[in-house]
Amino acid sequence: MSEPLLNIQGMNAGYGPVPVLFDLTLSVMPGEIVAMVGSNGAGKTTLLRAISRIIPAQGTLRFNGEDLAPLPPEAAFTRGLVQVPEGRQLFPRMTVEENLLMGAHLRRDKGVEASFEQVYTLFPKLKERRRQLAGNMSGGEQQMCAMGRALMANPKLLMIDEMSLGLAPVIVDQLLAILNDIRAEGIPVLLVEQDVFAAFSVADRAYVMETGRVVREGPVSELQNDQSVIDAYLGAAH
Amino acid sequence: MKKSLALSAALLAATALSALPAAAENVITLGASVQMTGATANTGRYYKDAYALAVEKINAAGGVKVGGKTYKLKLDMLDNQSDVNLSVRQYVQLVSSDKVNFLLGPFASNFVISDSSVAEKYQIPMVEGGGSSGQIFSRGYKYVFGTLPPAGNYYGSTLEMMGKLKPTAKTVALVAADDSFDVSVAKGTRKLIKKAGMKIAVDESYAENSSDFSSILTKIKAAKVDSILWSGHETEALNFLRQMKQLNVSPADMYAFTVGVPTADFRNALGKDANYAFGMTTWLPDASLKDKWFGDAAEFAKEYKAKYGYDPDYHAASGAADVETYVYAIEKAGSLNPKKVRDAIASSNFDSLYAKVKYGSNGQINLPQIVVQIQDGQLKPVYTDHFINKPMYPAPAWDKR
Amino acid sequence: MVLAQILLNGVLLGGLYGLMALGMALVWGVLNIVNLSHGALIMLGGYVTYYLFTLAGIDPFVALPIAMVIMFCFGFALQWGVLNLIVRSKMLNTLLITFGLQVVLTFTAQLLFTADFRTINPTYAGNNFPVGGLTVSVVRLAAFLVAIALASILWFVLNRLPLGRAIRATAQNLTAARLYGVNPRVLYAVTFGIGTALAGAAGGLYGMISNLTPYIGASLTAKSFVIAIIGGLSNPFYVIFGGIFVGIAESLTALYIGPTYTDVISFGLLVVVLVVRPSRAVRAA
Amino acid sequence: MSAQPIPHDAAPKAGRTVIETRGLTRRFGGLVSVNNVDLVIAENETLGLIGPNGAGKTTLVNMISGTLAPSEGEVLFEGQVINDVPAFRRAHLGIARTFQVMKPFHGMTVLENVTVGALFGRNGGQKNMADAREKAREWLEFTGLGGKIEINADSLGGPDRKRLEFAKALAMEPRLLLLDEVMAGLNPVEVTEVVELIKKIRGQGRALLIIEHVVAAIRSLSDRIMVLHHGEKIADDDPATVLEDPRVIEAYLGKRRQ
Amino acid sequence: MKRFILPAAIVIAVFMAFIPGFASDTMIQFWINALLLATLAQAWNILGGFGGYVSFGNSVFYGLGTYGTGIAMATYHLPFGVGLAIGVVLAVIGAAVVGLPILRLRGPYFAIATLGLNGAMLAIFSNLSIANKNIGLVLPLTRNDTMFYELSLGLLVLCTATVWWVSRSRYGMGLIAIREDEDAAGTMGVNATLYKVTALILASVFTAVAGGIHAYWFTFVDPASAFDSTLNVRMVIMCVFGGPGTVFGPVVGSFVLSAVYEILAAQISTAAALLFGLVIVLAVIFMPRGLADVVGRGRALSWRYFVRNITENRL
């Protein structure tokens, strides 16, 4: 087995006096879609913040064989660890195209045009709307824009936070299909989701999180029918 | 918190210590707080430098003789930073802590109004050459004397001259800032214009420190006036004249300013555009003004320029006259008693580099203004009660120069 | 005719007003700093242009871009070294520190340049030409055109260049901008530098129309502030329109009510705009 | 109402209706955050409000507490429509809430924080500082913060901050207490403590609305559970029924795909 | 230690009442000015420090107090007390009229709107004939600086006592709650509008009286000095320098800064204003929570505190 692309061991993190993550372990292998599921407040978003080092964390954090801990926070991004943040965090009064260009903000290579092509192929709708202000689009389109923007950064690993949040099931299905395409392009994905079955429908492996801890992990095929997943959401009586 | 209380205690201790007086022998101290820094430092420096030069000169000539004893003059000068609150405090300090014998004034009417209250409270004379507003001298104060003439008559000699020039201007645009001094000028000038039989076609005031006069100038241009009489501050005069040219406003006959024209700054800043501008001054560095210490006004101007690197104007001369007033008054009173000296000042009558110094019953001097004009880049006196030099008149339009 | 001339005056002067406010609006919108030292920066720009003109003999309109480069560096350093230390602090603290800076800049200028007033007075400063009965001052027209040109350039930079895109992105969503590799410290310094350069240009033009002393800063800050609020912070052209609006309002006030009332109008407008539409007034780029 | 809290274990029987909403709707631009929601809570009753992120729970609470005006519908407190009553008056009526993002007043001690609640609150609260302080002490004692009253509120740890929020709200002596995610970020032991605390404050005529993600906790506390999904009420029944409801499971876990 | 502050302050205040008996006239001048400035800072503290609303419009109340006294005494020859009363009434009306619409604005919007008020008021009074337009009013001269000193001290004591009351009253708790979180305060039952407007009115009363005393003491009133926006910035700086939202911080801050300014002006006059500006800049950078916070740390204070202030606020 090859070395994991992202490797987290024994991570603890929190906000000031409030600890949120406890002894968390997680890995993503090249070419995988990994899901991190759990109900609200389980600490999923905190995990992403700890990975992108917006908040301080203890424990091992290695990406692509390199220890990120001693590096400045921007290092994760420049090394290809790209995030689609919760709530999309678009630039609302900029056009779709400008939002995408912001994804390629640091790139100086000749591949930006190609990335545009790639994004527009994955999301034909964005091409149609490229002159529209991002703030005026529907939730699904905004999510596409946010994912497209992340792809423009030429990621080695794409982390998506609550992709399905507030979106109609049809739209979620479309986005899930696109995730498969993204994997096909060779980009692994860490999908942090509340919608368990949406996540399971594309992921290879999954982690189940409850109150800051990983309670289950394994291939999706195993977890699919595991009662403990439902319990993690709706309590142990199930 | 403890530390801050300790700090307060230290302050209080300092307060207690400062109660100790200081004494001096065979020295007469003149106290002044002038604008050495801050927004009006530009004019304040005239007073600072003139006071110092006059004191130096008088001491070199032997000082002041009182009752057989010779005293040297000493200057205790503070910088009020163009802060009127600070200036009041500094005058109190000069009178009460530094125990100066007499006071010289600051620059500008609003400073003099507040600072002279200190002189009046402590009954120490203040002779000032920096404020001419009627408000200073209408309060019935006994200890304030001013060597700048009252504002109302500033345009007296100009209007007299205008009556003698051909073609005679028939319409006037009167423009004045809305501060105390300039409102007084405008008020007086209105009467004078009426008396001269001319018509006021435009009568506008503007907010102090304005930098844009295009609206007023547009009105003036539309009214096609023969002359403009303007009253305000030096920077505004400069702006006004520049904008006259920019908007191509040329009165048929002439335009005149209360301030600015006599200064070197004005000519330097405007170059040949300064030509034809009439102005006024109570003072010119003229050899006809004889002086006990400097010889004459021209000598004063020469020494002043040599020492400070710029030309004195009437502010400086007025300041020097303030110092001289004290020497005459003290020697006449034969005493350093403030009340006696005050009475002696009130009856002053001497020739100086500035003018014949004689105070009116309200404490203010009265002087005719000398009309000046910039001719080919040179400042020329033109008229007092007779023509001194030929005026360049009427002023040609801007595009015909 | 008087009215037409007055309106023309208002428009031309308003363009310069707009330029004065442009830098303030940019810094406000992006850094969320209401820069009370903005007027002092305009003043400094005026002096830089003045000395380039008088000492180096460079035509003021040629000196303008040079002054802008110098002012850019100054603004960059100021943000990088000083304002950056409090940029996340409460708004009150940013107001106080920029007020302190205004004092420091003013009195440093007084020590360096003395309190004498200066004018940038090229030979053509008073030139004018008639257009259909109206008089157009060459310098004022030029100042107006420079203001429009600089607003256009700023618009172009903000909307068409990667740097401007990053500036707008940072103003709209600092978190997301950081996420995509924008270094806000550099970007803030660059933005403040641009704002300062624009202030410098305004100062140079101001020196040609009016005159410079170290103390003009405070009132120019107030004026810029009023215009930034009235024009809004979202688009350089709106700021210029805001300036023109204030210019016309002041001219009309001077014509119909009296020149001493012009400040009532501009400050009154400010209060009204804020009370009626606060959110529109202060929205970032 | 007795100032002295009496611990309860069993959930008391429901009585008079305290709060009611009728067709409550809130739009933000084109987005409907809360859609036509009817809600009723009676005296001594505890309603659990659950739903996935973004379901509109906090918006609903905001409309009840008065920090947000509804786009449509009515809020009734003890039978009176209170749509136009500003938030502070609703507090005087007896509505108190905690905030999802905890907001202790900085620069105030724990005691002072709670004193604010006692000073204002229902019927305008205590008029006298000493009385208010006394009342605040009692509630701090009750919530288990009795030993930390002089500590600055900023330096409290996570669980204690939750207790502080409780104490602040309780000191207002509310008829209706809205608890917005008071267990978020707590470990299981702490969650149990908070559950015990809530159990103690049920009753005495109070109506409780609890928003919570820790479903196990909410099921043990609630008389009824209401579920919001995309702003709409999809269930409102006793806990067991609601948590078995396939629509609820789907709302939480998503649709099962092959 | 905390419980010694109040007795110590009372002892100092009583001691200060006797200063005119032995101090030099210059010192009394300094103190009148410092006391009035401290009153302004303390009055600003009510809404600004406790309520968290940064007002740049308090100089308007100062101007109204100044002109109320000025117009009454100079134009209508009324006694000083009547003048003060008129000034206070004007300021209270001004605070209520201005406060109701403007206090709806939150945070920066409020601060910005108040910045406009002073400019508008200055321009209005420059054109008001009853105020003698821009020329200003000359008040009768009184030779009694001790009276002005004791009045100023009394006013400061009264204002500080009011703030002390505020700091430990239901009213003050409401204001602090508004400062910390206006929405939360509202849901806890604080009538924010009422509290804010009354705080502004309270501040306006003290500010106006300070303006009136200054007018009579100074014998001259003109629009530029009455409606001086830098005066407002000074009161904010003094309050914030000392410690906003504390009882004695603004007073100590005012005294310290007044002394610093005085010493700078006397010792190194040319660079005094420049250095004063630097003091402000450095104070904001190194002690953003004011002197009270620095001093309150006592022995725990070390250079790390100042470093932390920077690291917390820089990017």
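Some observations on this one:
Letters A, B, C, D and E mark the chains in the order given here, with residues in each chain numbered from 1 onward.
One rule holds in what follows: contacts are C-beta pairs under 8 Å (C-beta built on N, C-alpha and C of every residue); 3 or more make two chains touch, one makes a residue touch a chain.
Everything numeric here is computed off the predicted structure, so don't read it as measured data.
Under the contact definition, chain A and chain D share no contacting chain. Listed by label, the chains touching chain A and chain E alike are C, D. Between chain C and chain D, the least number of touching-chain steps is 2. Compared on C-beta pairs in contact, D-E and B-C come out with B-C as the pair having more. Chain centres computed from CA atoms place B at the largest separation from chain D. Look at where the CA atoms of chain B average out and do the same for chain E: the two points lie 36 Å apart. Remark: chain A and chain C have CA centroids separated by 43 Å (rounded to whole angstrom).
Work out the mean CA point of chain A and of chain B, and you get 76 Å between them. The set of chain D residues that touch two or more partner chains is empty.
The set of chain E residues that touch two or more partner chains comprises 123, 126, 134, 270, 273. Counting only pairs that meet the touch rule, the chains in contact are A-C, A-D, B-C, B-E, C-E, D-E.
Those residues of chain C whose C-beta lies close enough to touch chain A in the complex are 162, 165-166, 168-169, 172-173, 175-183, 234, 285. Looking at the complex, you find that chain A touches chain D at residues 14-15, 17-20, 22, 39-42, 162, 164-166, 169, 172, 193-201, 211-212, 229-230, 233-238. Listing the residues of chain C that touch chain E in their complex gives 34, 82, 84-93, 95-97, 99-104, 106-108, 111, 184-185, 188, 218, 222, 225-226, 229, 258, 260-264, 266-268, 270-271, 274-275, 278, 281-282.
On chain A, the positions that touch chain C within their shared complex are 52, 74, 77-78, 83, 85, 89-94, 98, 101-103, 105-106, 149, 153. Residues 168-170, 173-174, 176-177, 180-181, 183-192, 245 of chain E are the ones that touch chain D when the two sit in their complex.
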